[in-house]
Structures are given as C-alpha cells and as structure tokens.
C-alpha cells in the first residue's frame, strides 16, 4: 500500500500503464517539459521520451484526433485537456469520431482512448475553469464516463480506462487533487477497478444517496452530521457514470425506499435526471417519497465567492434535502 | 389563413421577420444562391441582398461566431446548420460564447441568435444526418430550445425566436418539412407563439403523453389507434423544450396520473429523463404508475432500413407502452 | 503534358516521373480512369432506376484523374483517407468491389455492416482510414495514424488525405495540418478543387488565388496542378512522396478540376442553375479520360483497339458487384445494437 | 528605430508614421507604457500580499509596447477584443480603472457583476468586445462585429483582435481569419508572440519561421515586427489601419516580444525552469520602457525630469483604484441567477 494524493494516484496509474504497455502515449498542452498545468504528468517526458509524451499545440481537436488516428492503428492515447472545459473545442472528435468509430467499422476498429482533465468548481475558477458537463457525454452511445472520488478508485479506474477498448472520459475533480489523500495498492498488485461498478462508501438504512466525484465527500460529511440526528444515509459512489451501475442503486433503494441524488452539474438535464427516471421506471413500488436532487442551480459557475457558493451545491444543501426526505 | 408545408411556414416566418426588421440577417452554407440544401431560404438572396444573406464557407464555428459578434452590437443573426448534426463543429460558440454572453456582460449585452437546421431520422440519413441531440443544449443555462411539430407552431415559434433576446436552438425535423401541411395565420396578423408554452394537441383522460417534434405525429397516431381500445391519450406537444412548461405537464398529470414520455433522441440522458425526474419531484403523489419513456435505443442512428427502424421509436412502440401503462 | 511546381500554375517543371511508367502502367492507369467513371455511372443509373433507394450518390465524374494519379504511385503499406467523392479509391487500395457495393446498399456484409453509408468505411488492414460526414476531420485524424508510425519507427509510411477545397475552411483542417507541419509528419493533403462546395464557389471559401497558397501558412510545399491531367497528378504525387518519405513533412497538392455533375444525385437540376451552363460545357471538353486517351494515342505506343472506349469488361464487373449487393442479405435488425462498445479489453488481472 | 515590412524582419521600411507624433503624443505613449507596467506590478503585489485572493494574474510585463502601440492610433469608434494578457487595453480604450479593478476583485459593480473574472469583460458602448477563456474564439467573433458594421454601411470601423502566438493553432483562429479574408473585413489581428504558450515554445505551435507567415495562407499582409519597440508597433499599426479602412481586408501583425514573468502569478518558479534563465535575462535587456526612454532622450526633445522613471502619480492612481475595489461591496449571492436570460424581447404584438 502507498499513501498518496488523488493527483498522485492518477499520475502513478498512467506511469505504470506506460511502463507496462509501449503502445500507451500521452498528448496535451504543456504536459511534457512542464509536466502539465497541475503536474499530473511530471517526469513523463524524461522517462518516456517525446514520441510517447507529446507537447501539443493549442489544438484540442487535433489532440483528440491524434488519439483517434493512433487508436485506429492499435495505439492507446491519453489526451489531457488542460481544463476539461476546453473539450468544447474538440466536441466533434469526441462524440462523432471517437464514440462512433467501432460502430462505423462494423466492430473491427476499437477506439482505446482516455480523455482526461481537471473538472469542477469550488476554487474560484469561474465559467471556463469549473465545468462539470459529464451529462453531454453520458447521453452519447459509445462513450464511457468516469469520475472518481478517492485515490484508490482514481488509480484503479485510470488503469482500467487505459486498458479499455472504448473512449473513456475521465473527469478529475481539481478540488480533490491535493486535498484528498489515501492508500493505493502497490504497483505489482496489478490492481484495477472495473468500469461500470459503483461502490458503497457508507452503509445506511434511511436514505440512499447516489453521487460521484467531489460530491461523495460532501455526502459523507452530510451523513456524519445526520447520524447525530438519527438519520442514516447510505452513500453510493458511482465512480463510473456511464455505464451506470443500476444493480447497486436498485439494491439500495429497495432497502431505503428514499433516494437523494447529488451532483455538481446544473440540475436540469444532469445525470441525476436519468438516475431518477430509471429508478421510477424500475422501482416505482419501492419508493416511499419523491426522489430528490441536490445539484448546481441552473447557472454557469460564477467567479466571486458569494456567487459561486450560491450556485454550487453544499453540504448544507444535502443535509437539508435529506432531512426533508426523512420527514416525508 | 394560408395552407403551407412545415418548411414553408419556417421560410415565411423568417422572410416576414426580415421584412419587418432590417437588423435580421441569415448566414449558412449554400443558403444564398442555392437557397439552402432543403430550400428553406429560397429567394432570400435576391430579396435581401448579400449583406443580409451570407453564403458562408464550411466553417460552422465562424458561422455562429458571426452571429455572436453581430448580436453583441445589436443585430439578429439566424444561422443555418446545413444539418443540425454539424453543430458539433461549433459547440464551443454555442455553449461557451453565445449562451454566456449576457451573463458575462453583467446583463448588458443580449444575444439574439437563432441557430436552426434540419434534424432527426426516418429518412436513411445515417449517423451524421439524423441527430437529435437537443439534450446537450437543454442542459446548458442561457439557451432556449425549440422543436415544433406543426406549421402554425413552426411559424409562430420562429417569429418568437427571432424576436427573442437569447440564443435559441431551433430544431426542424426534416421528416416533417414537406410531409406536413397546415394553416398558418396571414402575415398582417403578426402572430407569434411564445417560447416556453406547451400545447395540448389532443385531450384525453387516461394517459398523459409528453412529446415534441416528429414524435407528436406518432403520438397522435397512437392515440387514434388506442381510442378504439378505449384508452384515451392526452398528447402534450412541448413545442419549446427549454424553458420547459411544467404547468401544462403537471395539470395533465394531475388528471391522468399516468405518464408516457416520447422522444426520438437516445433514451439515456435524454430530455425525457428530466421531465420524469421533475414529475416525480413535483407530483409524486399523483402518480398511479411508473413513468414510462419511449425513445431511441441507446445507439447511433444506423443507415440500413431494418437497422434504423430497430433503433428509432415507432408508433407501435408508443401503442405498446401506453397499453402497458393503462394496464398497470 | 505539362507539370507545374509549387504555387505556380504555369511555372517550373517538377520531375517528369511519369516517363518511367511502362506501357503496362499506362494501360492500367487508363483502365482505372474508366473504372472510376463507370463506377459512378452505374450507381447513378441504379439510383435513377430505383434500384438504389437509400443514400446519396456523390459523383466523381470529371475528377477521376486525381484519384488514379494520386494512388498509383503509393506503396502497399501507405495509408489513405478518402472522403465522399473518392469512392473508387477504396477499390484502388484493395477493397473488393462487392464489399463496396454492399456498403452502398447497406447490406450485412458491408464493412460497416449496414450501419453507416457511402464512403464512411475503411479497412485498417489495408491502410484505409474511415471518415465521418464532418468535413476536414480526417486531416486531423491522419496525424494520429502517422504518429503511431513514428512510435513504431515507421517514418516512411505516408498518408494521403483527400479533401475538397471547401473543407479547407474548417477548423479541423487547420489544426490537423498545423500539427503535421510542426511535427513534419508524412501527410500528403490532396485538395480536389472542383471549384464548388455544393453550390458555393471557391472564392467564398478560400481567400487566396490558389488553394495551394494555404500551404505557405504552414511552411510546406504547395502544388497547384491540373487535376484533369492524370500524369501531372502522378508527377506531383511522386514529388510529394519523395518529400514526405524523406522526413521533410507534409505537402499540399491542389488538383484543379471540376465537378461535372451535381453535388449529389438529387442536385442535378439545381447544379445547372447555380453554375453557368457554359462553364460546365467548357469543363466537359477537358474531360480527363478522352484527354488521356488522345495523349496515349499520340505517343504512338498504343493502337485504338488497345484503348477500348470504354472497356466493356469493367462495366460488367461493376454490374456483377451491384447484383451481388442487391441480392445480399440485409442486416438483422438487432445487430443495430452491436459494435457500440468493444468489451475485449486487455486486462490482465482484476481485483476490485 | 527601424520598421519592417510584410514577412521580412529586416527588410523594407514601412512609412515612419511616428514622425508625425507630437511631443505631447510621445509623452502620452511614455506614460501609457508605464501605466501598463505599474498596473501589472500592483496586481502582482496585491496577489503576493494576499490582498487579492481569487483568480490568476496574467502578467504583460515586457509586452507593454504592443498594447500601447496598437491602441494609440485607433479612432474612438474602432473596436478591440483584448484577451488574458491585455488588461491595460481596457483602460486605454476608455474603461474606468475602478471598474477594471472591481472586475479583478469580483465585485458587484464590476462590468460582469462579479460573474466572470479577469479579462473576460467588455463594454460594447466603448467598442470593447468580451472574450471567453477559449483562445482563438475572439478572432471568429470579431467577424460578426465587423459584419454588423457592413450592414450599417460603416466600412471604416476597424476591429483589433489580440491573440497569443500559441492560439494561432486553434481552429477558430483559422475559421475566423479565413472568413475575414474572404470578405475583406477590416480586421487587424495582433499576434503577441512572446515565444511561449504557457510552457510550450513557439516552434511547437507554429511551423513557419515567423508567425506572420500565417498571413500568406489567407492572402493578407503579414508583418513581423519588433514588439518591444513601441514606435515600430505604432508604424505597423498605422499601415494596417490604412489598409483595413481602405476596404482591402484583414492584416496580421506579429509583434515579437517576450513574457518576462511566468504564464500567471502561480507560475514564477516553473517559468524559470522550462525557459532558460539566460534567455529571460537577455530579454530583460530589451525591456521596451527603458528602451523608449533612451530613444526619447536621444532625440534631444526631452529632459530627464520630463520622463519620470516611473511616474509616481500613475502608481498612486492605480493604488487608489485597488483600494476602491477592495472596499467595494461584494455581489449579493442571489444575483448569481440574474442575467442568464434577457426577457426584454422586441415583440410587438402577441397572439397565441
């Protein structure tokens, strides 16, 4: 076991996979000589050389297209978006080129690509350095979407994503990068976390809280607070958002009959909507109360602290919603 | 009253608005000398001249950016995507530039833009000429999203969209262009259909069907078939998807207690998920059955007829779902 | 036949590589020109007769010399990425005519299994890279294919990416070519400048006098050549291949030509309205096939009989493939949901 | 001071427009250079002292001559679109220093009402177009601003769009400049080539020897000039303005300069690792401010006292604005949800 930060867990996973498999390469802006804006790829250029660590021009479309073309002929590219927000410049490559390639090739040409980058708010990043638009990709067939909350999952999911034969969007919440520390397995253990499996991070009986990313930490804090009030939360960390682990969700809902979904993205049209819709479809009879959602207000993420706080969900919001649900 | 096709209704709305307001202009590929791939802008270049009818290069980003820049200084651009699918090339301009401009300007700089184009399947258009990804924009604050089903709505909504001070995405289902005919008001009536208001296209008692676009016609056909079986559908045509008219939806749900949502986009993460989630949030006690969704299977739209038929929703699918719901 | 050099339409000569072509080569080139022409005609005919009911036919009539001249000097291990107007390239690069026709008819045994249409196919084992509808994208994707070669130390494999002149206005074209130029990737961009993007004339897409001038912005060689002269295309291509294989980076070749028919089969009437009929007629006189035939006869190496006009066996071969495709089975409906994900990952051991 | 012409670093002279500048003008230019420098220093200082707690400071230290030289010859009714490293331009174009500082501190009376940060502001009434973070985008947006002028018959209003050399690799840069060139819009693209995009050297962004060569791909004039020489910048800008106002289309001016500090305030240590310290020191010697001062003194028109070094009143003025901003009220939380939609539509009559 190694005790590492969230960031270091991601770094090590990529490093070890690049050691293991010479077909893996990374590409992005400033990832080589500087080691990335957040330092996630520090040391990679020196170790793996410029053929496998590409300091790309400011060309998000080309960055992802390079991964697409290379994947078509058997390589495994990891593309860093300096901030995940900039994926808007490469949107077509993600949804229309990478996502569809296997389909268009009649199943012959898999697309192993990882698209990763820092996401999320709470750091004063303003509109274009705070985005959390996983719902766009959640809606598109052919893609997988991952967002870990703890170092061990970040480590195991990154390894699984690199070995996966499909394009995986890997959202790394920048708020967690250096704030969260935890143990990860040693390199020789060859540990991975399979994509598509949620994990219950806290067991409870009254309310099922379904969440992912930084919100897992908020939910756990809320659960701790509510424990004192005698409200017991079960916290499901989805880890993988697409494919969605409905089995784990439904099992928990059957037990609690009350559901609270928490995400950081704007509420309308977020991933929480689909989770709610599926629970209603598949477990209507088990529900004792309306499904509630705590999410960002339908707004951009503003800059000034009082504004950002107002828009993004808080531990207080989760606590309040859970109380309401418990009282229903 | 004039009896026109769906396409002609859109054409006339734009024409009359351009007659009314010299600040309105249109831009897109082949919209001038050719009058557009589908002929929606036929005659515009001759009438309004090249300063207001711009035959743009194959540059979707520039096309929408021209509307953004022009809107910032008081013009009202209408951008045609030759197929709405190509909006993936201009995604950043839509979600990060146009949608946010008012916000970033502290409320001082409105963004009157209409982004329109043919959408949807059922015509063998394959992956890139069949898309129906309104959910992407539904999730983004600052945007409005419209998809009419009938000529009168297409006409009135287009006029409202052009006069609206916000970026409006206007999805025109190509399957309806020449297949659907109907009356629209005369030009002098200055008729508009306010954005954000749904319309009940058929009253019924047993099941509320919530839908939009081409699916409205499917739902009406299903309703007719089911009438013979004694199942009475109320068909709500959303017309505007964002903002969503929850009042009309809830009023109907209160009456029927059974909800079927129908859309053509892939089911997972579609607009239907949000509608279902909101109904559960706001009208849980009224529901007598799970909310059901009929949508495209989670796939791209394939080319071959048997494949396309398998993926896209059909009248039969709606009938089957409604029967199941009625029997619940 | 005259050849021209970078950015000069009537300037210096590039090497006349075509002089080393054998009689056999010239005959094969002649047959390929006809293959492209007859392929097109057969599909137009099928569409008109209602035998092909779905999809559009994007004609390459008039542009055959480009496809033939650019593919002829390629090595078997080179890559190509054809787009909508380059269907014959799939066959020149080794795909079977039957599978191409099955693709057009959306049949189960098509390379895309009926999932996508027309030119959106490929075959990685033959170095053919798939395109999407979104124009310009392949130029960027090409960089990845070539980067993979660099990783494997295969610096000599070239990728030929086709594009219309209109698509050079797209962002992905720029990002791709810029990346290739920065990294000196062996990318050859063949711009099929047929003067129009759908209805839009090249002056509204490209601000320079020639499309080749775009190359100057990337510091790479740009040729502007007669795209209706198959040997000039061949010569420019040989030059470009030498440059690219030598590790000197990308090359842009603008082949000036003309789309003799509409943008696609549905566009025939309009295409004679948005374009002057006199212009179309002028370009019909520059048809690359009779032109090449006249040239071959003028060399004295060929008899009239050696140059059948058209070679009937080709038309028959195409027709057989069409019948094959028409009679081939449709895909099973449920297969629509196959190939969305590939779950054969290279996971060695798995601990949760 | 020497001026250079399209694509030639040491070539022909352009008109020495600066010769018509009065002593008053030269003094004002001198003060503006200092304003930019002191603005930067004050914010760095505030950040270091913890008085500015949110957001990044993107320094323009060393690049002041570009902002001053390009804005000085503008007319009041021209447009600009500054980006992250161009904060002083907002003030040169008429925004009050207090509102700019309120923007930096995210205060209620900031132009964005605290909603966005740093340079993402504008003021349409002053012809200042807002940017987003996504680089390259403003070049495309500029086309719309200028198209609106064309609709109004105002062909003489120019838009100056700033960009780093790195951002010229983006798709939107290409689509925008291509559109402007096709339509001969009066767009002047000022490329602040400070040699690095964050840590990435220009050779990895731009394949040509000069960034100005990108202009050739659009058939427009491209200047590559000494961006640390304010009068050379001024001269090139005057030339470009004449060209653009005459309806001849866009111009690209590459101003060669250097970012003396890190990419932003958090980057100071790393920026001395990914760049050779000797290189930084060399560019410190080319600092545009002492250089201009030496020149002014050499003309014999100025005494030492007339050229205070630095002018202390400017620093005080900046400091006052900072204090103003720090003491200004924060935005009310609920205002976060204002300005997402504008419901003041121009609807004349409404029938459902």
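To keep things simple, chains are lettered A, B, C and D as they appear, and every chain counts its residues starting from 1.
Following the convention adopted for this analysis, a residue touches a chain if its C-beta (ideal position, glycine included) is under 8 Å from a C-beta of that chain, and two chains touch if they have at least 3 such contacts.
Note that the structure is predicted; figures quoted are calculated from it, not measured.
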item	value
Contact-richer chain pair (by C-beta pairs counted) among A-C and B-C	A-C
Chain separated most widely from chain A, comparing mean CA positions	C
Centroid spacing, where centroids are CA-atom means, of chain A and chain C in whole angstrom	41
CA centroid of chain B to CA centroid of chain C, Å	37
Between chain A and chain B, centroid-to-centroid distance (C-alpha), Å	31
Centre distance in Å when chain C and chain D are each reduced to the mean of their C-alpha atoms	44
Residues of chain C touching at least two other chains	112, 115-116, 120, 132, 134, 169-172, 175, 178-179, 182, 204-206, 340
Contacts with 2+ other chains: residues of chain B	56-57, 59, 61-62, 85, 88-89, 92, 96, 100, 103-104, 127-128, 141-142, 298-300, 302
Interface residues, chain B side, partner chain D - complex	21-23, 25, 51-52, 54, 56-57, 59, 61-62, 65-75, 77, 92-93, 96-97, 100-111, 141-142, 144, 160, 163-166, 185, 189-194, 197
Of chain C, residues touching chain A in the complex	110-113, 115-116, 120-124, 129-130, 132, 134, 137, 140-151, 171-172, 175-176, 178-179, 182, 338-352
Contact footprint of chain B on chain C as seen in their complex	53-55, 106-107, 112, 114-117, 120, 132-136, 166-167, 169-172, 197-200, 204-206, 270, 274, 330-337, 340
Contacting residues of chain D [partner chain C, same complex]	169-175, 178-179, 181-182, 203-209, 213-220, 249
For the chain B and chain C complex, residues of the former touching the latter	29-30, 33-34, 37, 55-62, 83, 85-86, 88-89, 124, 126-129, 297-300, 302-311
